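Chain naming follows the written order as A, B and C, and within any one chain the residues start at number 1.
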Amino acid sequence: MSQGTVKAGPLQAGGVQLPTGHDRRTTVARLGCLAVLLVIAAIFPLVITNALYTQFAVLTVIYVGAVAAWNLFSGYTGYISLGHAVFFGVGAYTVGLLTKQWKLPGGDIFALLPLGGLVAALVAIPLGLVALRVRRHTFVVITIAFFFIFQLLAFNLNFTGGNQGVSSPFFLWSAANYNNPFYYVGLIIAVLTITLSWLIRNSRFGLQMLAIRDDEDRARGLGVRTMGVKLTAFVISGGITGMIGGLWWFFIGQALPETAFNPLFDVTVALMAFLGGFGTLVGPVLGALILEPLQQWIQITYTNGYTSEIVLGVLFLAVILFLPRGIVPTGAEYVTKWRVAQARRREPATGGPAPGGSAPGGSAPPGSPPEGRTATGTGSAGTPSAGTPSTGGVR
Amino acid sequence: MSTLLRTDAVTKAFGGVQALNGATLEVEEGSIAGLIGPNGSGKTTLFNVITGYETVDGGDVYLGDRKITDASPDKVFLAGIGRTFQLTRVFSRLTVMENMIVAAQHAEKGSARIRNPLARAGGPATRRRAMELLEFTGIVGHAGALAETLSYGQRKLLELSYVLMAQPAIVLLDEPAGGVNLTLITTIADRIRELNRQGTTFLIVEHNMDFVMGLCDRVTVLDNGATVVSGPPDEVRTDPRVLDAYLGTAEDDDDIAVS
Amino acid sequence: MGRELSEAIVDGILGGSVYALMAVGLTLIFGVLDIINIAQGILVVLGAYLSYVLSVHLHIDLFVGLLVTVPAMFIVGVTIQWAFIRPLRGRERTSMSLLASYAVAIIIEGVLYLIFGSNFYNLNASYVTSGPKIFGFYLDYIYIYGFLMALVLVVAIYYMLYRTQFGRSIRATMQDQTAARIVGINVNRVQALTFGIAVAITAAGGMVFGATGGGFNPNTGYDLISRLLAIIILGGLGSIAGAMVAAIFMITLEGVVDVLWSPSWSVVVFYGALVLVLAFRPQGLFGRKAARAQ
């Protein structure tokens, strides 16, 4: 979050000075890391050809995309949805039923994904209109209720195949690299979703969502169309999740009511987001990259499904209890502390960057501590009020 | 001078508690008006009623010639009334600049209905104006800092700043001097005067008598939800009814729990 | 048809009373701790399993066995709250407690699977499968006993809330935690004990549920918690009266639809009712209408 702010550079617009040297260095470093990651992701299945690992990889990119989509709504607006499995399942079933209906040959299948996403997005509209009018606690529960309704509908309606679900035909590419097309499609969806997340984060739309998260009523009082903003985010998030559900169906080959509408889906996604850092851009992705392979590994190692469930639950608890804020914010805090220590070590006497704040009657004396002026903006930066009597005032 | 804001015998009850019982108030355009009264007299409730956070049981609220009784908060805001809160409300996890941009949402509405939703938040004009306002209130140095890192006094200034972003015709300040040190109080008073000189009308709820008397053109006193007296500070200060309201008799000691 | 209908209604009211008991616990937890305890469903099932063990292996009568299971579950509840809920802090406390309780639920479910497997169990006793004939249809005694027990426990809860010092502390904490602390109430203790009490009454509910629910296994927890959640939302979060009314209403509605239409659709109607109510009354039946802003 703070990273996004630095990039957008409101300070540059305002003319307040920053240590620009370190800022540029950070941006370059970040872009470099990103490039490296993308390259690794792109060549991964070509290098690691073990089918088991590429299967892990497919499921991982699926979850990365799902978490990014979930975070786009829940992370930014603060409304925790535990019913996104609805969109996942709707997407899966849509794609599955259409494939059966139109009897599509192997290679064209991925073209159906946007349709799955579209249907899921359309479903999100009425659901959102009802669910987004209630307060946050109730919202969580009503999303759970929606989930159960849809799962039950999948069981009971005829055209969804009831208990049998919908199975997919065999696809026409070689068994050797069977997983690869799924992987790449999943990767593309994930990267696009993350990019969209980033764009939204720095945009007007995103700012409104974040304001809603902090103080919805105040935001509404300032003219933000809260219902419209929430609903739009909900629909976009649901649509992408639907596409991912469709991809999942193609990969797994079968949609059953209890697998397409999986009660563990949302909890897993939420956990990934919290592990990485709820509401941040990178955090949820990180969480997915860590947890999904881990989850797969646990399921393989503890072949007794029940034991794996226990291990998962214990893992969940451990994350929640010991890393409550998630990896990214905690990590950012350590980085800031380290930077501050470095800066202090380097410039003990001067006041660091030039003071901002032209309060009439005097500018800030040069003794102000550097951490009050840097734009990293994490909570640990401390109150910048020391030494500026005309603006801050001592509490 | 015309009347910009007017409430007319407003009544409001919460369960068994009559918070407002004939609250009448007039604010002239271009003036700085004060609203005082002992604890529980209904000042914040009246603010809530004016700005749409509460509905009335009876009476009306007028902005200029328009009746705005029971209008929702966003409509009131769009009509040109800005407001700060007793417990300062800022968007803590947004930066100071982002707080300002959020408040400029409606001001940015151009004639084009379809605007790029992914456009960067806050166009150059908005940012410029935000920086101006932040310089004016003196917290521009923290433009990139998260609002939650600000001190209490700085948050008050931020709230004032972003309320001003929409260029409201009248600003309602709920205890702007509450809990801040003397230097800051002076700064705030100066800012209010300066803004008033530039044309903004103010209605201020305050307990700090020096602040109110020194700043306001006209003061209205509320007691038990009803207007007791209204007039220039010197008159109000020495009016026996006002002293009575504040010191009160034993029966008057029910503090209405008004948020 | 008329007879089936009246049977469904009576069953619904009696069965709903047990759900009411469990829902009251859940809504109490919400009111006092401001969290949604997702583990409530699996804890009901745990209570049922405990009753099973006592009944089948130790040959203790189901109701007598409650003297053991209820205190045991009370301890379980206090432990869960103290170990996993209380340490949570921060802005997202509510969501995290939700996830934490979900995690606890998953763990308990896994453990129960390991111990008991996935077979369906039933609680049995002479009065479970026999009963008087009323209005022309048979009614198992267990329903009547369950209803009476629920009645007694609900009255006990009301008594506690409104006539005891502790109950006053609970109500104060429900209204305003900070104010409660200021007047010297040990909010931590109140929260832990409330959680324990809520879980303890699920043991009681669990026993009746185990006898009348038509078979339970660890997976039943999901179904239960989703129903209980729907019930307390419909009734209004934090409202005890609301939980009771909603429970009886929804279970009866489901039973009636079951008879009039079909079993598969009755469940959809159950949740559909929730959505419908919320569409028109977002705060639930007895919930406080959120003030316009603030």
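Everything that follows uses one rule, which is that a residue touches a chain if its C-beta (ideal position, glycine included) is under 8 Å from a C-beta of that chain, and two chains touch if they have at least 3 such contacts.
Given the structure is predicted, the values throughout are model-derived calculations rather than measurements.
Asks: Can you name the chain whose C-alpha mean lies closest to the mean of all the C-alpha atoms?
Replies: Nearest to the common C-alpha centre lies chain A.
Asks: Centre to centre, using CA atoms, which chain is the farthest one from chain B?
Replies: C
Asks: Between chain A and chain B, what's the gap in Å when you average each chain's C-alpha atoms?
Replies: Computed value for the inter-centroid distance: 38 Å.
Asks: Calculate how many whole Å lie between the centre of chain B and the centre of chain C, each centre taken as the average of the chain's C-alpha atoms.
Replies: Between these chains, centre-to-centre, one finds 47 Å.
Asks: At what distance in angstrom does the C-alpha mean of chain C lie from that of chain A?
Replies: Those two chain centres are 34 Å apart.
Asks: Considering chain B alone, which of its residues make contact with at least two other chains?
Replies: Each of 52-53, 73 in chain B touches at least two other chains.
Asks: Quick check: what residues of chain A touch more than one other chain, meaning two or more?
Replies: Expected reply: 217, 220-221.
Asks: Among the residues of chain C, pick out those that touch two or more other chains and give their numbers.
Replies: Each of 293-294 in chain C touches at least two other chains.
Asks: If we count contacts the way the header does, which residues on chain B are in touch with chain A in the complex?
Replies: 51-53, 73-74, 76-78, 83, 89-95, 97-98, 101-103, 105-106, 108, 117-122, 124, 127-128, 130-131, 134-135, 137-146, 148-154, 157, 162, 166, 180-181, 183-184, 187, 190
Asks: For chain A, which residues count as touching chain B in their complex?
Replies: The touching residues are 1-2, 5-6, 8, 10-11, 13-16, 18, 199-200, 202-208, 210-211, 213-215, 217-224, 232, 279, 355-360, 364, 372-373, 375, 377-379, 381-385, 388-395.
Asks: With touch defined as at the start, can you tell me which chain A residues reach chain C in the complex?
Replies: Where chain A meets chain C, its residues are 80, 82, 130-131, 133-138, 140-142, 144-146, 148-149, 152-153, 155-156, 217, 220-221, 263-264, 267, 270-271, 274, 278, 304, 306-307, 309-310, 312-314, 316-317, 320-321, 324-325.
Asks: Which residues of chain C touch chain A in their complex?
Replies: Answer in residue numbers: 30, 36, 84, 87-90, 92, 94-96, 98-100, 102-107, 109-111, 113-114, 222, 226, 229-230, 233, 237, 264-265, 267-268, 271-272, 274-275, 278-279, 282-284, 290, 293-294.
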